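Mind having a look at this structure? Questions to follow.
Order of writing sets the chain letters: A, B and C. Residues in each chain are counted from 1.
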Amino acid sequence: MEALLRIEHLSKSFPGVKANDDISIEVHKGEIVALLGENGAGKSTLVKSVFGLVKPDSGTITIKGEEIEPGDTAAAIRHGVGMVHQHFQLVPVMSVVENIVLGDEPHKGVFITKKAAREEVIALSARYGLEVDPDAFVEDLPVGIQQRIEILKALRKDIDLLILDEPSAVLTPHEIDELLEVIRKLAASGVGILFITHKLHEVMAVADRVVVLRNGKLVGTTTPKETNEEGLAQMMVGRNVVLSVEKGPARAKEVALEIKDLSVKDDRHLDAVTHFSLEVRAGEILGIAGVEGNGQRELVEAICGMRHRQTGTVNVSGKESPDMDPRGVHLMGVSHIPEDREKDGLVSSYSIADNLTLNQFNLKPFSVKGIRDFNARDEYADRLVKEFDIRTPSYQNSASSLSGGNKQKVVVARELTQNSHVIVASQPTRGVDVGSIEFIHKQLISARDGGAAVLLVSAELDEILSLSDRIAVMFGGKIVAIIDGQDADRQYVGRLMAGLSG
Amino acid sequence: MLKRINIKPWQLILGVVLLGVWIYCYIANTDITNSVVASGMRFGMPLALAAMVGIMCERSGVINIGIEGTMLLSGFTGFYVASWSKNIVAGLMIAILTGILTSFVHAMMTIQWKMDQIIAGTIINILASGLTSFLYKQGSTIPNSWPIFDIPILGQIPFIGHAFFTQQGPIQYLGLILIPAIWVMMYKTRWGLRTRAVGENPGSADTAGVSVIKVRMINVMFGGAIGGFVGGFICLELVGSFSKEFTAGSGFTALALMIFGRWNPMGAFAAAILFGLAQALSTQLQIFGVTNIPNQFITMLPYVFTIVVLAVSAGKVRPPAAAGKSYEKEQA
Amino acid sequence: MKFKITRDALVPIASVLVALAIGAILIAAQGHSPMQAYHVLIVKGFQSTSGLQATLSKAGILIISGLAITFGLRAGLFNIGAQGQVLSGALAFTYIGYRLHGIPMWIHIPIALIFGAACGALVGGFAGFLKATRGVHEVISTIMLNSIMAAIVDYLTQNQFRLQGQPNTRTPDILHSARLPHIFGYPTGFIIAVLLAVVINWVFKRTTIGFELDTVGRNRSASWYAGISVKKSIVLGMLVSGAIAGFTGGMFSSETTGYFVPAFYSGIGFDGITIALLGRANPIALIPGAIFIGGMRSAQSAIQFEAGVSPDIINLLLALVLFFATAPFLAKLIKSNAKTLTTTSGWGS
């Protein structure tokens, strides 16, 4: 049978890295192909080439027998390709309808026919069972619904090939199951599916074929029948991977972080966290499970002094910590690994050394009487680079030269070496390669064993389950349950994350 | 398509208060009130159109600090062509063309070469100033200027007719058509939707098959055409010679009005008319012979007014989210 | 900011050459001789002793004016309205300059300069305060303040500070004790300017407060995360930028004019912007640029007399140099990788 999509000898390089190295793949009608690989393996780049968002250096892409123009999204769309993106490509201030019809609006002359557009979206939503309110503004909607809009946008035309880039990142386990159903139905109706994920159980659940990328190269093809999760992990990383991390039992002591009746508003002055109370003890890891968008970001920012606390207090080792004062909170012994390392955690144009001392530059020994001591900084940087295995020719290089995993290591190195009583880690392994993930997990556990209280916030349920001594599930700005790490059951936690009653 | 009905309480109150004041003054002294409001319209319309330049550019994501330079250069070329050809319409055409060319350079700098948009605009201003000061020739004059006329039926409408539809020049009347047209374009057409999408989140348009670069360049150049139009008009308004600094900071005032008007054509128009009224009022105060307030303080009133207005309202504005950032298409 | 001397330095030089070439074409088109014009520039600007002294005097003012803008740029602020701050500082200096009698020079000048700087700081700081608290972008507020300060200064010059019995509107002369001395004919202002450039460079390189401002200029979120008060940095940045601009006005009054007439100062603020952009916000890089532009400005009037070319050619040449030096295409041709300059783009507060 003629392949629906044929990628032949595709290569693409970015400055400093070869993202795709001579890759050839086929996808057939009605086939579900999973593209697997760890962060940085080149999966996103590959599918972006198919959709015309990225122009490959060499190679051809053929759809239904016709070679398509590289780097031309409109051409890809004309050839029946639809794509659901990892980072949503929606316009927050516009309505659902406007977002979905953008680019191919129902019109009379130059004017958009509002009514026709609305009807089209309602019909589309019914057809796939993906309910959305057409008149709502995207920024008012929870992340799971935004995902639906992304999907509807892609399914709007009669597509032959659907590409999904990490579609389940922001979904509850239940929503993921629903999504996988939609994918199966589409495949059954003849649509070819190419979907990217790093979640092994999704692959095993739905894929007909699995293609594994590693470091830009295609390292293997298999099917779920022929392998299992360990096998897939091995192909992804190239060596035996321990899928769960080793840790001894927690030896929790006194309460190090006490959050009482905390309420926080988000950027649009809506309630993000309401009357939140939680205790974290020294020597334990408390993981907050929850789908992104339930107030976790605002919670972490409020704890660390970066966002205003409307009500409530945050006590560190028994003393109240100041509001809207990141330096003050930090000086009380709180370390913060921020969710968005590029935006908050690093200044990419600074050197690695400056980034390693980013929140201590005004303290001894790095600065005495207002004058900076570069020797002290360089010594410190040298030590940390070695200790944390940060791959770089020199700590004088700018942080922008580092890979994602190494950038995160810089942040982790900085935060975990300050003898903190409390460590707040938000999405600490997002976008990080497996080797670095293992390393960072070990560091968190060792910090916990050294007596720190670790508050771990992560959208990756697996990470929460494997690291946490206790798990708190967050939904709608509140805690809905606190359970012991040992007893946690995936399905149970998943239901809680979705706001169901377990 | 669906526009957010976004009238805040304070805007409504302000509108009602101003309306009340206007009605009161109208009853008190019709002639002076009409003349002040008409002056407000006359001063304000060029500013409103200059603000349109800013809106067209920023709605698609390109901040344009160079409106000042665009108007300067366009007025300059328009004037000299009109003087040489003895035809002010020809001058106006050239002015529009100059505006398009200048904005094309700005578009290249910001969209293609990805320079910082505020710095690029400043460089355009400095270039325009350098070019016009060097190429300036004394003694050129234009043969005639724009006619002032009334609009027949509309001018008879009581209350607003005398203010808006009598004794204005072509730019005022054309503006009354152009500004609502731009509003319709921005919120009711396909092009407007795509423009706004590009200005809020270019990725959303790119992934829908819309060319971000094309949308930005066309919007910027269309803005440039309007800027050229304004510059040409102003320069050719008075029979006489070219005044080197005729723009007098109006390009920057237009930006303030754009922000105050929340990047909405009708909002910016209202802001511009208000500003024009402030200027007309200060002139009227001088006519009344209010001598104990020095001249200089009266001329500076509109600028103080602008700062106060921005300080009161600016903190909560939401510019188009992607304004100021260049679009990087290829990301790993 | 390390400068790779080879390629990065070529870009400004190439820009000058290209600008001179275009200027030559325009001059020739007007029927004059480019070679003659450029000859005058070199002789009057740099070769003759009096020319060199005038050049250094102007260069000193340009350096400080450029430093004002540069200081703001490093913190991510574009103090485009420096002109208004220059004017207020100049008038303030002049006032102290002619009002305080019987004080030795080494006290009089510093007091007057401080007063001038303080006035500039008030204006700049106000704009900074508006930005930090209300999110008003400094490009707009400082331009508005320009017009406002120009009006205030104009009023004061015509009334309280006016020298009576003169046909033109001006203040009294500054006392001799407030005039900056010359050493063998060479202006001390230039030395002060270079020292100030070195000090500011050191502040950004080695002090904690400099690091804070620099960080705010590069990444506001990360600065907040790192415990830096972004609001305080914005106000401080504009305050100092305004202070330096006011200082510039004072220096100019002291060294060059000797009394205050608003029109004397036109162009200082904007030349400062040009210089700062050319120097890519590096305080030391301002010095060669300022000497170059100072030379051109001091030869400006001679060009009309001796080569028949309008003095505004200098404005055009400078604008062209700025364009070619900052627009990346020349840099790409020479394959230089110098980072392009950015302010914190966008109106976002």
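The rule we apply is simple: contacts are C-beta pairs under 8 Å (C-beta built on N, C-alpha and C of every residue); 3 or more make two chains touch, one makes a residue touch a chain.
The structure displayed is predicted, hence computed values, not measured ones.
> Give the chain pair that accounts for the most C-beta pairs in contact.
That would be the chain pair B-C.
> Looking at CA centres, what chain is most distant from chain C?
A
> What's the distance between the Cα centroids of chain B and chain C, rounded to whole Å?
Computed value for the inter-centroid distance: 30 Å.
> Distance from the CA centroid of chain A to that of chain C, rounded to the nearest Å?
That pair's centroid distance is 47 Å.
> Would you mind pulling out the distance in Å between where the CA atoms of chain A average out and where those of chain B do?
Going by mean C-alpha positions, chain A sits 44 Å from chain B.
> Spell out the residues on chain A that touch chain B in their complex, using ranges where they run on.
14, 17, 19, 44-45, 51, 53-55, 73-74, 76-77, 83, 85, 87, 89-95, 97-99, 102-105, 107, 110-112, 114, 117, 135, 137, 153
> Looking at the complex, which residues from chain A come into contact with chain C?
For chain A paired with chain C, touching residues are 306, 325-328, 330, 336, 338, 340, 343-350, 358-359, 361-362, 367, 370-372.
> Can you list the chain B residues touching chain C in their complex?
It comes out as residues 63, 65, 109, 113-119, 122-123, 126-127, 129-131, 133-134, 136, 249, 252-253, 255-256, 259, 294-297, 299-300, 303-304, 306-307, 310-312, 314-317, 319, 323-325.
> Taking the touch rule as given, give the residues of chain B at its contact with chain A in the complex, in rising order.
1-2, 4, 188-191, 193-194, 196-197, 200-201, 203-211, 318, 321, 329-330, 332
> Using the touch definition up top, name the residues of chain C that touch chain B in the complex.
26, 78, 80, 130, 133-137, 139-141, 143-148, 151-152, 154-155, 158-159, 270, 273-274, 277, 310, 312-313, 315-320, 322-323, 326-329, 340-343, 345-349
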